[in-house]
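What follows is a single structure, written as structure tokens, with notes after it.
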Amino acid sequence: MSIRAKELLVLGLIAVFSLIFYVGKVSGWKAVQFSTTVSIIVILLIVLSLVWILIKTIRGSLIERRIVFLYVGIAVALPLFMSLSQKIPISPEVKAVYDSIGELPAGSKVLVSFDYDPPSAPELQPMAEAFLYYCFVRDLKVIMIGLWPQGPQQANLAIEEVFEHEDIKPKNLKYGIDYVNLGYQAGNEFVIQRLGSDIKAMFPSDYRGKPYDEIPLVKNVKNFSNIDYCFNLSSGFVGTREWVQIAVDRFGVKLGAGNTAVQAPQMYPFMRAGQLIGLLGGMSGAAEFEYLTEWTGKGTKYMLSQSFAHMIVVAFIIIGNVAFFRSGRKSRLDR
Amino acid sequence: MQTIAGITILGRVAELTAQYETWLEVPVCRSMVMITAKEIVRESYSKVGRPDAFQEDQVYYLTDDQFGYAAAIDGKVVREKPATMFFMGEFFAESLILAETGNSIGAIQIAGTAAPAQLPFFIAACDFTLIGEELFAASAYLSKEPKLLGSIKGQDVGKSLILVAILVGIILETFDIWSFSTLFSVID
Amino acid sequence: MEHFALWIGGFLTLGIISFLYKDNPWYKLSEAIYVGISAGYWFVSLFWDNFYGKFWIGVFPPDRVNDAGELVSTGRPDYWLIIGGVLGLMMLMRLLPKIGWISRWALAFIVGATAGLWLINYFSSFIMVQIQNTVIPLFGENYGASSHVIVGNIVVAVGTFAGLVYFYFSKEHKGTFGATARVGIFFLMITFGASFGYTVMSRMSLLIGRIDFLFGDWLGMIK
Amino acid sequence: MRRAIPLLITGIVGAVFVVQYFVPHYPFNMMSNWFSDWFAIVGACAIVLGALNLMKISIQKVIKRRADWGYAAVIVASFLLITIIGLAEGGDFRDPGTKFDWLYKFVYTPLSSTMFALLAFFVASASYRAFRARNFEATLLLLAAFFVMLGRVPVGYTITEFMPVEYRLSDLASWIMSFPQAAGQRAIMIGIGLGIVSTSLRVILGIERTYLGGD
């Protein structure tokens, strides 16, 4: 069979595979979930194949980079089907967010600002879900806003996800009384500034267009002084830095934050200076917070993929060095 | 400023490609850079007496989008397999996509950027990398103009002052003689 | 409509990933769509946000109907913006070969202003602040630092010093000067390796997001 | 006329923008806002040139039936599709529900996030090829990447859980990031600062002219 034929065959398989599972999804198939034994068998197979590659490398036949690509794809995809859990060390900054929410009495008002867009969702959406779940479990009132155009949509996705949980369904939380989504407002840091004086002026209605005064939850919420806690999910400008400089420094708000892994290190100085109560950094922050709040979300599963992927990269660094030393020794022998 | 340094190096490279009749292509990601780059390459070709060899379409615009640009360049690199690739100027996350694809076809790759976050990727994937300040020094050095060479010397004088300041500062601060670091505080 | 959108997303995602195997028609099509759509996206965004949103509305502020239903003008026109409009026009003169050279005036303005702004910004944030952070008491405020912080401070001082020596151009790297420069390159290599290793996690997160779209949102195989 | 005046403009404008940093009074304090507005307007005009260039080259390719001309036609079609829709939809073209927003969400975002995600594969293949202990420097590069990578995932923590608190992999990784990595980064940044300051001075003083091109 020629390469061309093999390629077309693979294309056909991909098309059939996608069609079958798409029709399955539409007709309500349950998600595919490996049992623990299957997961361990899959891991063993991957490890064995890596050892086999190592042996091949020692024998002098080097692998090409597309094999590395294949392994990265496998290392990222398969853990999403697995139900394994890994021991996640809880960092102090994540524990600080958990404790600070734990101290709030029931009925306190929490303002959550969604300042990110879909490309940063893999890191920040799990944090949003875990945080909202934990707020509702503790019977807190949640006011959601967005300083990025797609923020409110991410908020609604998180609400849908959280409301399917069996701990939250019996509470049958009502829109406008237990939680509200005030939508997006342009203006970046000037929006934060106005929340300090008059929220209604900045958000005259919620994201469905319902006037501010007709929403029971926010009717007598004038500004930050009526808000007990703020939480900001951020992946760039406008984000946590502006919330600290304006909401915390000028209006003395209690602020927690969730940031992408690349941006989190820049927020540690605010943590050390006490301006930021706590910080969830990247996927590991999301997984730690999920572990603390016992919310089974994607963060923990994603962290499994992260661990697998990092192990694969480390394994190929080792294999690469074996190949290098072998070729070095071989050239010395040939001389 | 990084783009200006990159353009100066482009001028020098264009002179050599004109001399040795090697095909040169300059795909750009910003329209303003396209205008300047066209002028530079045209002038370099006429400087070495080959104005006829210059073609308008050697310098062309692709898209302002960072990854759209990377996708188009990757496609072209794999299809046309250039012998040498230059990455000079300001780069963001797309640096490794470009450099790794260039490496996969075996091209000689020379990079130069003053974006600290992208230097590790160019170091890992390119044959030669101008690290930060070296990009500006290279553009001055290639121009061979006395004044520009003088500015490299000026940068080194600046460096000497900074080295002395660090040494003296650390000693003063460590033994708590005088708070030297306040000299360098900056208003936002 | 939802189905169609998910299949388009799946098709384009797999089209881009197929490039890892080799250049193929599926990737070429996805690349062509991406170049066209992204160039158009920025063209439209810059038109509405910059040209219309800043220039047009700034110079000719449209009247607005306020809450009470009366026609109210939104404010004084900002005539300084006309300079921006003139510069933009000069840039467009590039289309007419005969007076195309006038676009250089606009370019000269942009380059001059950028040079002026960057000169100060980079001097303060890339030189002054960095020196201030380096010139710190090695043993901490009144000698209270823990051992690994002290070792850290010494490492930072030596590393910054040697790193700067490596960037010295006008003196041959020989003798003690050369040795210091060599220590400098050691530190640079640690910096590059550590930064590389640090970014692996965020690059993997992007791929996890796409795989989650393929197997989750599109094919519904994972919850 | 073609070079003298532009150099003069660059010099004056550059000097004024240096001075505005030190003089917080009108009109200087307004300068950087004005400049960012003018820069945005000029950028909006310049992209017209870029778009026309892209269209010219793609359409020529289609007319002359050069290799892969079909894909050039796709470039032209998709550019015109989103541009006409976007311009027709008026100022709030980004609002949820518009056709432009549909194209952004279901065509542009999958393409750009997947292109970005390719980095995960290239990071792995670059590590496999580049991190080899050829010499002492390369070994430092390798070890730094190795420890920071391992230190950032839970597996790295579990491997070295028995070690005392300060010496676990995650602590080692953050020590490397806070001290040696910061030192090298600082040296690079100071070097870049000096390079940019000297290039800016050269441009303002008219010594650096290459960006103006020929006569």
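For the reader, a short list of remarks on this structure follows.
The chains carry the letters A, B, C and D, assigned in the order they are written, with residues numbered from 1 in each.
In this section, contacts are C-beta pairs under 8 Å (C-beta built on N, C-alpha and C of every residue); 3 or more make two chains touch, one makes a residue touch a chain.
Remember, predicted model here, so these are calculated numbers, not experimental data.
Chains that count as touching both chain B and chain D, per the definition above, are C. Ranking every chain by how far its Cα centroid lies from the centroid of chain D, the top place goes to A. The greater number of contacting C-beta pairs, out of the two interfaces A-D and B-C, is seen for B-C. Averaging Cα coordinates per chain places chain A and chain B 35 Å apart. The geometric centre of chain A is 23 Å away from that of chain C, both derived from CA atoms. Look at where the CA atoms of chain B average out and do the same for chain C: the two points lie 15 Å apart. Contact of a single residue of chain B with at least two other chains is seen at positions 1, 4, 32, 35-36, 62-65, 67-68, 71, 79, 116, 119, 121, 123-124, 131-134, 137, 152, 155, 159, 162. Each of the following residues of chain D touches two or more other chains: 42-43, 46-51, 54, 68, 105, 111-113, 115-116, 118-121, 123, 125, 127, 129, 131, 141-142, 145-146, 149, 152-153, 177, 185, 188-192, 194, 196-197, 199-201, 203, 211-213. Multi-chain contact residues of chain A (touching two or more other chains): 65, 69, 72-73, 76, 119, 284, 306, 309-310, 313. Chains touching one another form the pairs A-C, A-D, B-C, B-D, C-D.
Those residues of chain C whose C-beta lies close enough to touch chain D in the complex are 5, 8-9, 12-13, 16-17, 19-20, 28-55, 58, 80-81, 83-85, 87-89, 91-92, 94-95, 101, 104-113, 115-120, 122-123, 125-127, 130-131, 133-134, 148, 151-153, 155-160, 162-164, 166-167, 184-201, 203-204, 206-207, 209-210, 213. Across the complex, chain D is touched by residues 65, 68-69, 71-73, 76, 86-89, 118-119, 149, 153, 265, 284, 287, 303, 306-307, 309-314, 316-317, 319-321, 323-325 of chain A.
Interface residues of chain D, counted against chain B in their complex, comprise 42-43, 46-51, 53-54, 57, 68, 111-112, 115-116, 118-119, 122-123, 125-127, 129-131, 141, 185, 188-192, 194-203, 207-208, 210-214. On the chain B side of its complex with chain C, the touching residues are 1, 4, 32, 35-36, 62-65, 67-68, 71-72, 74-75, 78-79, 116-117, 119-121, 123-124, 131-134, 137, 152-153, 155-156, 159, 162-163, 165-167, 169-170, 173-174, 176, 180-181, 184-186.
Here chain A touches chain C in the complex through residues 7, 14, 18, 21-22, 24-26, 29, 31-32, 66, 69, 72-73, 76-77, 80-81, 119, 121-123, 260-262, 282-284, 298, 302, 305-306, 309-310, 313, going by the rule given at the top.
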